[in-house]
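Common to both upcoming complexes is chain A, partnered first by chain B, then by chain C.
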Partner chain A sequence: MSTSPAHKWLRGMSAVFMKDLHLELRNRYALNVLLMFVLSSSLVVAFSVGAESVSTRTQAALLWIVITFSASLGLGRTFIAEEERGTVLLLQLNIPGSQIFAGKLLFNTALILSVNIIVLFVLTFLLNTRITDWPLMIATMLLGSIGLAGATTLLSAIVARAASSSALLPVLLLPLLFPLLLSVVHATQNSLPDGLGLNASIDHLVTLFAFAGVVISASVLLFDYVWND
Partner chain B sequence: MRPKTIIGIVLLVAFSSLLLMNFGSQVGGYMNFVQAEESGSRAHVIGDWVRDQSFKYDATTNIFSFHMVDEMGNVRQVRYMNPKPPNFEDAERLVVDGYPKGEIFIAEHILVKCPSKYENPDEFNDVPDLTKS
Partner chain C sequence: MTEHPHVNIKRYRLIRTIVIVWMSVIVFAAFLLNIPRINILEHTARNLYFHVPMWFTMMGAVGVSAWHSVQVLRGGSIISDIRAAQAARVGAWFGVLGLATGIVWARFTWYVGSDIWWNFDPRQTMAALQLLIYGAYFVLRSALDDPEKRARLSAAYNLLAFSTVPFLLYVLPRQMASLHPGADGNPAFSEMTDPVMKLVFYPAVIGFIGLFWLLYTQRVRMSWLAYRIQGESKY
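Let's look at the complex of A and B:
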């Protein structure tokens, strides 16, 4: 039972995930950076908007601007930190590439999802709006987070060996995220007051699902070439 | 290694074709109000402004609403979350781009087809017809 390949694969993946989770909970680097970024940028948004009532389209756009930049700031850490600590060789020797990728992807998804939930509550409070279609909002957040984490994980593995890696990531990430952002902003707008609701947004959710699928299957194909010299 | 590559490529093709097909349907084709309500998705509707029914612009909510009749004769209220487009009254034809929501059509963009200012059709009547002679 414990020697079946699927079981072994899952054990390797969860080992990488738990290692990253323990490290993160110990020094809270990414979490602190993300929280500071989210709070300060949300406050800037709130102050600049003031008492003005902004259209739901703008609210959705502001929400995803904050989320996109916090993702490009925090999620790139996963592979860059391995490079900085010099633990890349250790990982390469111990665990096959696909399990490392899956573990890192899972960790990044969990991280960005928790950040997204915080951003959502902070911004809905500060912009004085409310969510009318919860199922749509939850589906959008979930699929959007998976797509965002999928795109960032592979790119951060590519970028990790470059000299100015943390500056390079946002530049490479934004063009890739374009289709995701287009759909995610529309879907978020539809879940706010006067929005069109879940039934009119199925197209956007399918786009988000397909984007996540494309990014993750491309990453699985390409990761071995990025990871092994 | 080999089966993993094949499965990966198959998945990649499947997901990207889903993405492309879906992106195409979001652009929205030309249809009338009834077709748009049946499909529930984004649509372009061609029609005329119904001048004798109510229209108004609410400055506090920034909503311009009017009634439009499409080419099949269906009349719907159209809501546009912006001020009234300039030279809306001169329009020969309107194209609204948006989503149906119940009996109301929510327009994201309105294309106003106006008669050209730069042509005077009378001038062309004096030109001798060179094809006959």
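Let's look at the complex of A and C:
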């Protein structure tokens, strides 16, 4: 068996990821909360808009408002749950910080990506629109989810350490998401009917990629200070 | 112990006197000196002496705050945390004033005859976001009771937020038009500003930065005393 540092690092990361996945699949709390939140808020959006046809810009904006708020509610669980279960010390002893962060980031990305796909289908169905540029939509969803999870993971660690209610997370998260939201709404609009399509949206996708890169690098650098006492 | 903010009282009083006299001269010069009258802009051009230096000061304060947040993470001393928080607090006040002067100025020049108060100018949006970030920063601080923990966690948040803001410099100008000088191919500030106005403007920038320094160091010393006297309590 190879035991190179990179191999060990990946094993630690996937151990954290699999642990969270198993726990999640056992009671499905985070997933169920997110699903219900997403379904009910999508219905609220659809009923508020009514039979009126709204512009694709508004549709894209509504989609990402629902996604952002569900992320700020649902993704905070990962670290708060560790505090509640009293397993923080165990994790700190067994696995280096960067691997914990990477595992949690992976789990959050998977969670928000699956939720995003559901919101996308529910809202396109309710708002009677359709997606004309699938490659663009897939790229937007993927990069948007990674950026969203990247910004949220470190913040949820901060909120968990602050040991107060999770109402703090949206307050901390939303001001940071602005660059992401601007690009993601434009890219989504371009993938809807009468949109400009993939070729006109490369700029937005590059921005999303860079945003995810910057936020994740900053989080990796800062995580040890937040995580270790 | 090198932790406490040491102050040379004579130097402090000297700088305080200079700032007070300097700013008084600036205020008189700003309102009394003759300036070229441009259509629509008219006398509102005098706002240049206040609005723009407030922005510069706020940007400087953001830098000072981030720098001391780095120091918190490197050394972990309470005084760095006090400096980061007070730079953010005083900077936020300059930001609020800069935003207010900007909104009123834009309403009666760029949007004269319309009902537009809030517009999505890139610089205005950035400023509003920076204020939101500092609002969140102070909410986070108030949620933490242990001074050491508060220093560490709020520094981490301040720096994460600081890493996303330069992004806006790249993203926003591509998505919204700006009427500010120097943006979007508009004539640069140095080309279209009268020499008389420059004579007041540059000293005003220095004066506002001096004012910031005065308020900031005062608040740092006050917070330090409050921390020493009350120990665990909020500062």
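The definition used in the following text is that the second predicted complex is superposed on the first by the 226 of 229 C-alpha atoms of A that agree within 3 Å, B and C clash if a C-alpha of one lies under 4 Å from a C-alpha of the other, contacts with A are read in each partner's own complex, and residues count from 1 in each chain.
The criterion applied here is as follows: a contact is a pair of C-beta atoms (placed from the backbone, for glycine too) under 8 Å apart; a residue touches a chain by one contact, two chains touch by 3 or more.
Everything quoted here is computed from the prediction, not taken from an experiment.
S.K.: Scan A:Y225 for contacts with chain B and chain C and give back first, second, both or neither.
M.R.: second
S.K.: Quick one: is A:D203 in contact with chain B, with chain C, with both, or with neither? Answer first, second, both or neither.
M.R.: A:D203 sits against chain B and chain C alike.
S.K.: Tell me the contact category for A:S55 with respect to chain B and chain C: first, second, both or neither.
M.R.: Only chain B; A:S55 stays clear of chain C.
S.K.: Looking at the overlay, does A:P179 come into contact with chain B only (first), chain C only (second), both, or neither?
M.R.: both
S.K.: Could you say whether A:L10 touches chain B, chain C, both of them, or neither, answering first, second, both or neither?
M.R.: Neither partner.
S.K.: Does chain C touch more residues of chain A than chain B does, or is it the other way round?
M.R.: C
S.K.: Between chain B (first) and chain C (second), which does A:G213 come into contact with in this model arrangement: first, second, both, or neither?
M.R.: In the superposition, A:G213 touches chain B alone.
S.K.: Touching chain B and also chain C: which chain A residues?
M.R.: Residues common to the chain A contacts of chain C and of chain B are 179, 183, 203, 207, 210-211, 214, 218, listed in rising order.
S.K.: Tell me, which parts of chain C touch chain A in their complex?
M.R.: Residues of chain C touching chain A: 73, 125, 129, 132-133, 135-136, 139-140, 143-144, 149, 152-153, 155-157, 159-161, 163-164, 167-168, 170-172, 174-175.
S.K.: Mind pulling up the chain A residues that touch chain B in the complex?
M.R.: 55, 98, 179, 183, 196, 199-200, 203-204, 206-207, 209-211, 213-214, 217-218, 220-221
S.K.: Mind listing the chain B positions that touch chain A in their complex?
M.R.: Interface residues on the chain B side: 4-5, 8-9, 11-12, 14-16, 18-19, 22-23, 25-26, 40-42, 62, 81, 99, 101, 106.
S.K.: Quick check: in the complex, which residue numbers of chain A touch chain C?
M.R.: Within the complex, chain A touches chain C at residues 151, 154-155, 158, 161-162, 164, 168, 171-172, 174-176, 178-179, 182-183, 186, 203, 207, 210-211, 214-215, 218-219, 222, 225-226.
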